[in-house]
């Protein structure tokens, strides 16, 4: 019975993901797109939960739905000059892009459907954080630290980039 | 497990999300819109990884760790990307990606 | 003999270049002096090595560190620096010309520091190709050579019939095209040798022992022939040579005509002929035809020129035709002659270009009809010019005659009438050299040149050094020939063994 | 001492060579010192050469077997060259003659070149020339000989063009070098053939090998070809038809140079060389006939030109060409003895006449036209009378030197004819007629220059002793130098010959003919140019036979033909080649470059600068590749996994 619930949950969450994602790329108003992006991210977090990745789901909500989306909204506000209602138009490529997207979906879907999976018999440990934190801090400690440095550099770089530019072109 | 849910479902979902993101990334004029479409694509990848983690290597946690790194990098990327977009739009007075074509012939 | 004297020789110019980097840009005399010291040390060391080589023993001597030092194990690359009778004359030639080229650029004031640095790097690069006994190192140094040349032509060159940018580009593209063919050939060579022997060995010695199948040898030899041939300005891959020399500054013309071309001939012997003797036997008649065409064609081309550098540019194509002809004979006399001719032509061409450089600095023209009577104002310059000219037309008593004669002896025997056409080239050569000399140096003194000064001080160095070599080499050819013979004879013995066993 | 000199014969060329080095590097600033160095060295060589000559001519062994010593110059497997010394009567005679004439001319030059800014350099060149010429004579190896041969050519080039500011001198020098170069090309081929076929260039070894040429796989035809190719060198160097054109022009050089190089020594090197390699020519009668024919024709041809020339040195130059033709003729009919004898006497009287002509030019400040001279003998007695001695010698009046040697040549030619060579009679006729012409043109010059009315505008004066002393010495040699080879006491023929010694009976008839011809020539010249003060008959003759006169005066237009050939054919080919090079060969090169550039130009429009387009193409490519891999090839599909 549990399988049925899982299936139902999957269908509901998947529907949310795809629906809101479609809204993201089709809505005319960029702010609306971003709002629906938040919905997508939260739904994806639900998918993560379904996949026994509770920590990741939390991160997803915090980083994406929280941080990233807020940042994007601010970005929109900073650069948008024209009418916000018409802020998310498409260009001449949308037909090709749609066809290509459809093609890729069909192709991957076909591969996925026809694949024979060698499912591992075991379950994901219940205590996810407790299990993978040691791995992260032993085997993956170097990437971990590098990621930390990357974030710092990105932060500094972002600051440097958006600093005001003086009239003569020099950075202050 | 014997569950009805197998990786194909999740891969299908992720493929759909990826295709949508790709459509957005290719067809939007607004730079920020392209950026968020790329986030969608990254999300699709994450779903894939986590699904594989659950079904193929639940003990090693490789998929989840990868996903964590991707989220980290993506966050940095969005930050830097937005900074770049703001800097560019200040100079170029546009947010239409097709106007940013000064690297052509 | 474990002291790495060859590597030291190689490093001397590099070290000088490094020192110059830290010198003040304004003090160009100091930069030039350091360059002169660096090349002087290299010259002294190479003289020491030349005269310390034991000809009775022969083979590779002065091996650095006593044995090849492994470098890239998977590819069998080793730091294998050693010399034999084939490398030594080339090494000596490089340093003779390198040393004099510094003095030939003594009057350059525009960015002299950078010029010296590039020049030293160039010299080191060329030197490396001649002392490396490892194919990979050989190619590495060859690629090092190309880059400074382009920069030097474009910055310090001069635009006449063609712009210096065009000249530099043509030169560089040709060299790179040659090296592309070469690289393809070398990779094929290496892969096949690993397939055949199962051992990765990039040394020339090792490759020479591999028995490549005949059909493969024929294909590979063609690749190498085009590669080295375009470097040797083999007809029809020669057209970079006159334009390139005309555009290049004096030092580059000297080094390029004097030594860089010789890498082509050297490579043809060291790699193409020795490693692929069956291929060489197949292609030898074609090489001879191309060589003869080069001799006659370029001599006629030189006759039509009015720009001094073009005259010498075409003449060097013509002389390289003799080298090719000598190599194509595949006999010991011919190859000895070809190697000696490379040495002799190097000295001669370097002297010629340095004198033309001095004339150009003084008169600001190289256009022969605009000159005349220079011998009145610059007798020493005229002596240098005449010596180079006489050497160019193969006057006995100067270093160029005996090598040419030696080539003729073998090629006349092997190719008969074909060689006669090549020998007839000496008439045309005499015609254009004498015309150029007569119209430049002799005739009524022109008042517009009355202010120009004769050679003095450091400017005399090219004349003295190269002139001495021209005369001594002409009077005592055995100094050169015994050395070359000790290097070529074992290689030829090996080739003859292969041809007899692997022959039909 | 004799032993020492014989064993150190290499000192003879070495001393002048050292003088050259010393002058160039040390004493160039001090003119007197330079000339002193040069003359001392040459005199030293002369002394050694005299001792050598004494040593050789007192020892009969040297007739049969020459003294040879050598050392290795360079070598490799199958090709070894030794350099060394080869002394036999011929080379000893040449050593003596050359060093004597060279010494005299160097002494003469101290007067003639006085005040020239390049005085030291002149002596340096003369020394270098002396060294190479003497080196040529003693060479024991053909390659060594060729080296020296080219070096004398170089000296000749430098000395002809000594007055570098003169365009004519420059062109003459170039012409001399080029013409001899053409000959050298043939000679080089001949030498190469010898090296390849016989494996050696050593004169002694070749002399032993060539008579057995068939054992070396050489056919008679090939040997003839070798001999003819080899002959090209002497043809050019010794001014034989058709490569004689450079020799008259070479008179642009200072007169001592004309005397030394272009009369007495260098130009006879060709004759000497053929004499040296006569062992080759006697094997091939065909080549011998060619040598004789060219020699006789040149003798006649040059004499025919000389009768109308106006410049004093040009007349002498054509006379030299003509006399060289005699020597070749003698060689061609197989007589080394007669040829060398004429070489010996010619060296003295021709050097004498050149030096005397130089003395005249010196006095008249380089006015060269004989028609502008006259009566000079009163003001310049020594010059004049020594010149007359030379004139008598060359015309062949007994007992002067030229008579004996010319007579010898006529005798051997006649003998050649009698031995069944029909060609011989023709040659003899040509030689005899040339003798008449020689006497005529030479005395025409003498009468015009030294006799007749004095010209008021000339202010001649006798030259200093440094110039007249050599004239006197040479005049003595020109008078008595031939007495060692008279048919009655032929000491010469005993020592210098090739093959079997044969004693020709004195041919009184021929002697008489030769004297009559000479006297007829002199008489005709006297009638036309001396007795007839206004020279009316001479002028009238020239007008009546205008075309012939022009033909002779313009040297049969040979120069024009060569100039046309060089300018039109050679230069034309050169230009065509050059245009072919820059338009066709380079056109292909530039064409490839243009194609590259053009395709780059076209392709760059793909670079739209729009990232989304790039991404579109990128994903499309992925899609296409995936489809192709998945459904195109089963083996590749298996790599993709899953798709069965």
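Going in written order, the chains are labelled A, B, C and D, and every chain counts its residues from 1.
Definition applied: contacts are C-beta pairs under 8 Å (C-beta built on N, C-alpha and C of every residue); 3 or more make two chains touch, one makes a residue touch a chain.
Everything numeric in this text was worked out from a predicted model, so none of it was measured.
Enquirer: Could you quickly compare A-D and C-D and let me know which has more C-beta contacts?
Expert: It is C-D, judged by the count of C-beta pairs in contact.
Enquirer: Taking each chain's centre as the mean of its CA atoms, how far is chain A from chain D in angstrom?
Expert: The mean C-alpha positions of chain A and chain D differ by 98 Å.
Enquirer: How big is the gap, in whole Å, between where the Cα atoms of chain C centre and where those of chain D centre?
Expert: That pair's centroid distance is 35 Å.
Enquirer: Report the inter-centroid distance (CA atoms only) between chain B and chain C in whole Å.
Expert: 59
Enquirer: List the centre-to-centre spacing of chain A and chain C in whole Å, with centres computed as mean CA coordinates.
Expert: 64
Enquirer: Among the residues of chain A, pick out those that touch two or more other chains and give their numbers.
Expert: 91, 93, 96-97, 100, 104, 115
Enquirer: Which chain D residues touch at least two other chains?
Expert: Answer for chain D, listing residues that touch two or more other chains: 612, 616, 619.
Enquirer: Taking each residue of chain B in turn, which ones touch at least two of the other chains?
Expert: Touching at least two other chains: 22, 26-27, 97-98.
Enquirer: Applying that definition of touch, give me each pair of chains that meets it.
Expert: After working through each pair, the chains in contact turn out to be A-B, A-D, B-D, C-D.
Enquirer: Quick check: in the complex, which residue numbers of chain B touch chain A?
Expert: 1-13, 15-24, 26-33, 35-37, 39-40, 43, 46-47, 50-51, 53-61, 64-65, 67-69, 71-80, 82-87, 89-91, 93, 95, 97-98
Enquirer: Any idea which chain B residues touch chain D in the complex?
Expert: 22, 25-27, 34, 97-98, 100-105
Enquirer: Show me the residue ranges of chain D that touch chain C in the complex, using the header's touch definition.
Expert: 72-79, 143, 146-151, 154, 161, 164-167, 169-171, 173-174, 177-178, 181-182, 184-185, 188-189, 192-193, 195-196, 570-571, 573-575, 577-578, 581, 585-586, 588-589, 593
Enquirer: Can you check the complex and tell me which residues of chain D touch chain B?
Expert: 604-605, 607-612, 615-616, 619
Enquirer: If we count contacts the way the header does, which residues on chain C are in touch with chain D in the complex?
Expert: Chain C reaches chain D through residues 170, 173, 236, 238-240, 243, 297, 300-305, 332-333, 336, 373, 375-376, 390, 393, 395-397, 401-402, 405-406, 408-409, 412-413, 420, 423-424, 426-428, 430-431, 434-435, 438, 441-445, 477-478, 481-482, 485, 489.
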